[in-house]
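Labels run A, B, C and D following the written order; every chain starts at residue 1.
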Amino acid sequence: MTTHTFTLTVSCADQSGLIAAITGCIAQSGGNILNLAQHTATDIGMFFCRASFAGTDTFTEERFSTAFSAVADSFRMDWQFFDNNKKKRVAVLVSKTSHCLYELLLKHADDELDCDIPVIISNHPDLAHIATSFHIPFFQVDTKKGKEAYEADLNAILDQYQIDLVVLARYMQVMSASFCERWDKKLINIHHGFLPAFKGAKPYHQAWQKGVKIIGATGHFATEDLDQGPIIYQDIIRIADTCSVDEFIRMGKDVERRVLVEAVRRYLAHSIFMHDGRTFVIE
Amino acid sequence: MTTHTFTLTVSCADQSGLIAAITGCIAQSGGNILNLAQHTATDIGMFFCRASFAGTDTFTEERFSTAFSAVADSFRMDWQFFDNNKKKRVAVLVSKTSHCLYELLLKHADDELDCDIPVIISNHPDLAHIATSFHIPFFQVDTKKGKEAYEADLNAILDQYQIDLVVLARYMQVMSASFCERWDKKLINIHHGFLPAFKGAKPYHQAWQKGVKIIGATGHFATEDLDQGPIIYQDIIRIADTCSVDEFIRMGKDVERRVLVEAVRRYLAHSIFMHDGRTFVIE
Amino acid sequence: MTTHTFTLTVSCADQSGLIAAITGCIAQSGGNILNLAQHTATDIGMFFCRASFAGTDTFTEERFSTAFSAVADSFRMDWQFFDNNKKKRVAVLVSKTSHCLYELLLKHADDELDCDIPVIISNHPDLAHIATSFHIPFFQVDTKKGKEAYEADLNAILDQYQIDLVVLARYMQVMSASFCERWDKKLINIHHGFLPAFKGAKPYHQAWQKGVKIIGATGHFATEDLDQGPIIYQDIIRIADTCSVDEFIRMGKDVERRVLVEAVRRYLAHSIFMHDGRTFVIE
Amino acid sequence: MTTHTFTLTVSCADQSGLIAAITGCIAQSGGNILNLAQHTATDIGMFFCRASFAGTDTFTEERFSTAFSAVADSFRMDWQFFDNNKKKRVAVLVSKTSHCLYELLLKHADDELDCDIPVIISNHPDLAHIATSFHIPFFQVDTKKGKEAYEADLNAILDQYQIDLVVLARYMQVMSASFCERWDKKLINIHHGFLPAFKGAKPYHQAWQKGVKIIGATGHFATEDLDQGPIIYQDIIRIADTCSVDEFIRMGKDVERRVLVEAVRRYLAHSIFMHDGRTFVIE
């Protein structure tokens, strides 16, 4: 029998006794803590904590929720509670470029992404064969019917597959404010530039023009402000001035796919806390 | 008034209820946890934990020690307790090369190493002027009088200055087994190679001969087995095959000084746990 | 019309006038140099040079070879001459692990590996479906028939497909001395450890036991001495002491696939020079 | 007798026969090429080349200059010619922060920066003692007398010491357009942010607010547009979201000092080519 495990995340203003209160409540409810990560952001006086624990025989979700609600109220905590047996359902949106899609599918196939990927959606037919070879339903949406109608189609598919998280894997469409709002904090994009530099189109061309010596990619929550949403993960690669823009693009692909997977992995691990427009990723 | 803070480190066999017991005891003794880091090494079933906390008005060291002893006994914990107001006293041993010594002194001068450096010792006179310019006593020891007599001199100086940690900052003498034993887990060496490869003399020459594409340095506890002691920190630098051995040596210096300071920093932060001959550095 | 380009590689003892002699001969033969990389290894007095050039209307391979032979003789040069229109034919050997195979095939599909991959060979049937989905013939060899007979089968397939380079993409069989000799400098292996440390079996377990803080992978020419052949490319990843061996294995896969592709890329670009048992990779 | 060596740099529109013409002229003038680096930027059709060579008995600068002028004219080359025996004279400007100054002085003392450092100038007295301990004249300038008068003082000192390159080593004053113009391409600044992101004041605070996961520093030619001049070198460090702004500042110092030294090193090696507002650093 596999152990049934749960994850609790807490954020609140910093104050005395937080960790003892959290760990005490878990213990008294019959939970054995497996892993606890905690950070106090002294610059802003905020406390963030994630605890994973196994439920013993006496543990029930209802009892714990009741008990922890009282603790949370007394400390004015924001908290979330996850049953780790319930896998998140992730939809991948793509256009014509395959490297990010392949990366997600291969990591998933190797049991390195703890989620289900029940559907792949695209505005082009080009990558259908990849979906097929991984036995995942593929839908092509028609952006020409107008943003509102097309996004309604998109939402219908996402709802049908009971999607928890939408991943834009080099999906070359700007999402509307209402779509971003609907999927607030559940919509991860990969931008092929080191944000906040090089927002918008053709970031590798921008980087080449500027003569930077290092290029990067950024995994972030998509918001209505293009390429401005909260950053989840970034990575870089050093480039030589002997590289052409085409070589930037080639070398950048490895960074993009790695960054996207790492961003999704942190989401699935409940490691991402939000405060005042930025993330605090606590590992 | 500065807050009086303490650090508790615990290691023991993994079992249920450890974190709740530790954090509960701290809270009941009047301690407010500022930071808690914990790791369960599933490969070997070991638990490691470090908690830093502030003492409130009701907190006394004696009361806490008594209370925690009972907890520790019931879980068979190894534990250590540190008053963060008492700075560690660090002696630096050098030969003729200055880059590691300068790094320690400059970081210390910039308040980036939380220790005192009351003495510098060398088997050569060359770096005395650096000690002078930082107003630190400098002693030259005479290795020619025989290892036993010379190490007795060394120990006399270290005892006189009530040294807690000895740092070999490119000190070109092999220490005896008895010296290593006397300073067990309190003797940090920087080796200019990426251990376990390239032990012993002239590691950059060995690396060049082998044609490796990356070179490194290793900060480790010195033991009687030369360059085999438990590793604390490592870092590397990519080198081109167009580099000469002399360029390896030049480039390696930056890695060595960085690695040594990071190893010492982890020691001073009580981040290093030992088990079965290797370190677990929990940050 | 695409330009017809050629690559010339030269190695010899260092002496005056080498670059002028090489570039002068190319120019006089009607070649326009596109790229020239050169290195003088001062530690051993050796000169290495690679020049790529376009042939103008008056250029013929025969004429150039005759002219350059005279130059090469006078300077006692070792030299090789490649027609860049003739793609190298690469065979990939695999066992049960797919990440290195996928990496080679995906980079090839994205036109990022300048070669043909006409055949995939394995000692297991597990990865046949990947070969199928990329429309590449797949052969399963039977290692149980004895090393000599099985390697004869292997060589028969490699000969049938006129293979220039054999890539061991996590192929879990030790090759015989005679096979290594037959494919001398044409047999690239990926070892999942940072050589020369952690040779042989289970390098990630060895690394975990030792408590190293950085793990790596090594792409090298396979020789009869297991995991001791000349190193072509290496890369590393920093690991935390909170990682399990299983996490080393997961994280290491990304390093392995990247290192293998980069090693193959350098081979295809004629960037690898050999001297006295080590490589000089000149980019 | 040390060999007398020279360095030639060439940039021009790409065309056939450039390398053969350059290397042929050097050979015919009695020069033995020691090292040649070349890059054709295909995106813009530009050719850049740097050749270092030793002069044999028959070599004279005058003869070479005359001969190469003819070559350069026929290909419309921009070129520069340097006698490597004549060390560049570098002035370091500082304010109150010492880490970049120390780095330059320590590298210089270890013979790792091929220049003279005849003078240190500051707008504060705080770092005078460092200049003293390295036996270098220290001047304090008075910024309160108005930018024009104070920069005239600055220029007088720089002229007196026959300075070739001015290094702003965390010098906290914005230079006037006319000063930047006077020292065009001879004025290197270290910015403690990863440009083009986080220009201007308090870049680490900006980075923390934005929640980036990697911070960096940029060595660049200073121009009248603050923190916008051509980039010479950049490096980064990964930071955790558990870091405070103060920790960004501490960790950033190591990146800043490394980047500044590497930028200066590339200048001294004549590795920096300029075209259309960006650098091409060819190593």
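As a working rule, a contact is a pair of C-beta atoms (placed from the backbone, for glycine too) under 8 Å apart; a residue touches a chain by one contact, two chains touch by 3 or more.
The model shown is predicted, which means the values in this text are computed figures rather than measured ones.
Steps from subunit A to subunit C, taking the shortest chain of touch contacts, total 1.
Interface repeat of A-D: among A-C, C-D or B-C, the matching pair is B-C, sharing over half of the residue-numbered contact pairs. Farthest from subunit C in terms of Cα centroid separation is B. Look at where the CA atoms of subunit A average out and do the same for subunit B: the two points lie 37 Å apart.
Between subunit B and subunit C the centroid-to-centroid distance comes to 41 Å (mean Cα coordinates, whole Å). Contacts with at least two other chains are made by no residue of subunit D.
If you check the complex, the residues on subunit D that touch subunit C are 16-20, 23-24, 26-27, 32-36, 38, 40, 56. Against subunit B, the residues of subunit D that register as touching in their complex are 98-99, 102, 106, 110, 112, 133, 250, 253-254, 258.
Across the interface of their complex, subunit D is touched by residues 39, 41-43, 194-198, 208-214, 216, 230-231, 233-236, 240-242, 244-245, 277-283 of subunit A.
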